[in-house]
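Next come two complexes, and both contain chain A; in the first it sits with chain B, in the second with chain C.
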Partner chain A sequence: MISRRVASENPDRLYTVTGGRSHTDESSMDMVTLIVSECDPTPGMQSEHVKILQMCRQPMAVVEVSSELKLPISVVRILLCDLLDTGRITARHPPKAPAKAQLPNPEILEQVLVGLQNL
Partner chain B sequence: MDFRTSDPPVRTPLRNTMTTGLKIVVVGGFGVGKTTMVRSVSEIRPLSTEETMTQAGLGIDDASGVQTKSTTTVAFDFGRISLNDQMVLYLFGAPGQERFWFLWDRLFSGTLGAVVLVDVRRLADSWYAIDRLEHHGMPFIVARNNFDEPAHPLEKIREALDLSDDVPLIDCDARQRDSSKAVLIALVNHLHALSSARGVTR
Partner chain C sequence: MPAHIPVHRRALLVPLAVAIVAGTACVWAVAEAPVEGRTLMAWSLGTAAVLLCAAITFGLYGRQQTQQLRDRLQAMDADVAQLADQTLPALVKRLRDGASVDTALAEVHRPADLAQQRILWTLAQEVGRGDRMRAAAMSACANAAGRVQALATSMLADLREMEDRHDEKVLGDLLRLDHSTAQAGRLADSIAVLTGARSGRRWTKPIVMESIMRGAVGRISAYQRVRVHSASTVAIAGHAAEGVMHALAELMDNATSFSPPSEEVHVYVEEVSTGVVITIEDCGLVMSAVALSRARQAVSSEPLDLTTLSGTRLGLAVVGCLARKHDLTVSFRPSSRGGTGVVVMIPQKLVTQPPPLPAPDPPRPPSVPAARRAPSTAVAAPAPAERVADGDLPRRRRGQTLAAATSTTAAAEPKPPARDRPKPSLSDAGARFSAFRQASRGTGGGATPADTPDVSAEDDTL
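Right, the complex of A and B next:
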């Protein structure tokens, strides 16, 4: 998980923080992984990349990016991996998906419950 | 309070402090009220997106279902609830039809739990969804959506669905925010009970 302080640092450092993810890791990008831009678009950048950097100035889930770009999730994951590899975005991943038939952490569920009750 | 203007903003950004995205899935047949439920509790106008499947993804569970070289698209709706400054819950309305389940592992692994939304006029749609959720080991509750006064007691529905006693079955009106909220709370309470029980036995 990337703290705000880290998220405001320069992209080179963030590249290290994200572990220099490669395309083979794209399946690790969950639909609800939150994406945050770490830089502004630059001239000559692929238009989808430009849109992503603009949209993700505030955190945005992969599925929302997909909806906004009107592109399938698998395509968006690849675009996002390009940006992640070059440190232009950071990714805030959800709690690790539990193995089959395992249940979520009760503490997370308690927070969800409070959030829902406050709706 | 929430206001829904006739021309909602294109997008309401999340707070910068958000770190954790969570998922709950509402599964049900066409027209049962999935999107209605998502809309009634979501802080954003429901959005939709899609995922494509290539041949490789088809026919994994069912050899007879292998298709020719083509891609299949599954579309689904989603909404969003900011739970606190760090956690945001995404609520997905997903069609329960066969091809959707091929995508489950790719899209819905890590889902907290599921709501099976039932239309009593089309119970058969729900059998398949319940069977698939059990197959994936995904905890769920069942909610009967009533746009009108229900004609049968819930216990009849439990019998008709052959639903085990430990799966909560409740009534709801997906158009009502409070009712949809109660469904989500019932699900999370159920998950918490299961999770705590599991912790004790460990």
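Right, the complex of A and C next:
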């Protein structure tokens, strides 16, 4: 099992990807925030940034970016924050879930649940 | 005296002649002398003649002895000179080349002198023992280094997996551990290189320059002070990648440790027609002429002499070994930034083009609706495979998704049953085989790399 993991590895350690940072103060970005790139990659950019900019020409969720890059979400968030700070991407929250008032009453939901269980 | 008369007869001849001459002179003198003093004279002359003969005989004998001793001494001198100038160096050379003590002794010229033979034997024994000790120490070190290397490699893989699994609360700690492990691995690599063992791990694919630089930077303690300026897109052949990374890491470590902690070390990567040139510049102290020549000596093409190792500074010796192994050219010069600049030239034969990327761009069009539809990780996973398996192999994609999604948090809707089926039947070989068959049926062809791990992972757990 170990050998397989070792074989698929590459020499990049995550702390070199993030420059030693392990978290970001940016709290606005969560897993489903949609990312859109605002410019094309320039030569000399970090390869992850290039990939993000290429991927996000169409809006893409943070979690998808993470899966594409095969990097942990926290690392991707750091990378995205770098790009966000330099204005190369914009982050957009998915359409908000309907406001609480519009949600069915929890009691009704509970009744539905009970009813379903009784079936 | 005639030359053909042997020495011992010559030694007799002279006293004999003296005796005859002295005897004749005595007889004549006695005959000439008046009669009354004849007896006394005869006695005294006789005594004098005998004394003369004896003196001459002893004198001659002594001279002969001296000559003999001198000759012997000369012969011995020549013997000793031969022992010192030819026999011993030849013996030591044979021993160093790996011959056993007896073989080496049999092959060299054996001196006639017994004492010299004893000297030769004792020396051969001692040199042989010293060599054996050195070899044993080296192999022990190499072995230990190899084990530490293997441990470090698997620890790094484990850590990488944990980094994927845990969120950012733990990530910082994991990254610190990762960094320490990488440095420990470099130390083990250094010892392995110096002891002549195989160096580190071997990459099976070409490694792109960015990863090479990251791999090198990640192994030094002050990695945050290194600024890499690279727009290079080439890759380094897999068999040399580890060596190049290690050499660069040692040089960067030198640069960071010999410059003030507030200063950055700048690394420039440049592609030239003969290969890739990497320049590492620091703003630290300028190396003295002695240090510079020592550094040049360490990285020159002369084979490593372990006696020149200082014990604490192994870096340049390691760089030298790696440079010789991979034909890297390392040169030092004063840096324009005020410190020392190291220029590493990677020859063209180690430079290749990077392996084709798994096409990050193509998956976009199909993934857009998917991205909109659900914030689930599982949907994103199939995207890269989609384009690879073109057209009539949609099932292969699905199988890959299944395998890939096992590590992600959320599983898509069709997966749980597929995953659940093999699980309860872990102990049942038949059920496992059916799971395997189903997986391969799903792929519509030979088992993909993504499928195989799934099955073997279950094997491992048993």
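Methods note: the second predicted complex is superposed on the first by the 68 of 119 C-alpha atoms of A that agree within 3 Å, B and C clash if a C-alpha of one lies under 4 Å from a C-alpha of the other, contacts with A are read in each partner's own complex, and residues count from 1 in each chain.
The definition used in the following text is that a contact is a pair of C-beta atoms (placed from the backbone, for glycine too) under 8 Å apart; a residue touches a chain by one contact, two chains touch by 3 or more.
The model shown is predicted, which means the values in this text are computed figures rather than measured ones.
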- Examine A:Q54 and indicate which partner it touches, taking first as chain B and second as chain C; both and neither are also allowed. second
- Task: Figure out whether A:V32 sits in contact with chain B (first) or chain C (second), or with both, or with neither.
- Result: both
- Task: For A:V63, select first, second, both or neither according to whether it touches chain B, chain C, the two together, or no partner.
- Result: both
- Touched partner set for A:P106, first chain B, second chain C, both or neither: first
- So, does A:S74 touch the first partner chain B, the second partner chain C, both, or neither? both
- Query: Thinking of the overlay built on chain A, is A:L116 touched by chain B (first), by chain C (second), by both, or by neither?
  - Reply: first
- Query: Do chain B and chain C land on any of the same chain A residues, and which?
  - Reply: 1-2, 4, 31-32, 34, 55, 57-61, 63-64, 66-68, 72-74, 94
- Query: Mind pulling up the chain B residues that touch chain A in the complex?
  - Reply: 11, 13-23, 41, 47-52, 73, 78, 80-84, 87-90, 106-110, 112-113, 136-137, 139, 177, 181, 184-185, 188-189, 191-192, 194-196, 198-199
- Given the complex with chain A, which residues does chain C contribute to the contact? 153-154, 156-158, 160-161, 163-164, 167-168, 171-172, 175-176, 178-179, 182, 201, 203-204, 207-208, 210-212, 214-215, 217-218, 223-224, 229-231, 241, 245, 360-361, 363-365, 367-368, 371-372, 375, 377, 379-381, 383-384, 408, 453, 456-457, 460
- Task: Flag every residue of chain A that touches chain B in the complex, lowest number first.
- Result: 1-2, 4, 27, 30-34, 55, 57-61, 63-64, 66-68, 72-74, 92, 94-98, 100-106, 108-117, 119
- Note on the structure: chain A residues touching chain C in their complex are 1-2, 4-7, 9-20, 22-23, 31-32, 34, 43-44, 46-47, 51, 54-55, 57-61, 63-64, 66-68, 72-75, 77, 94
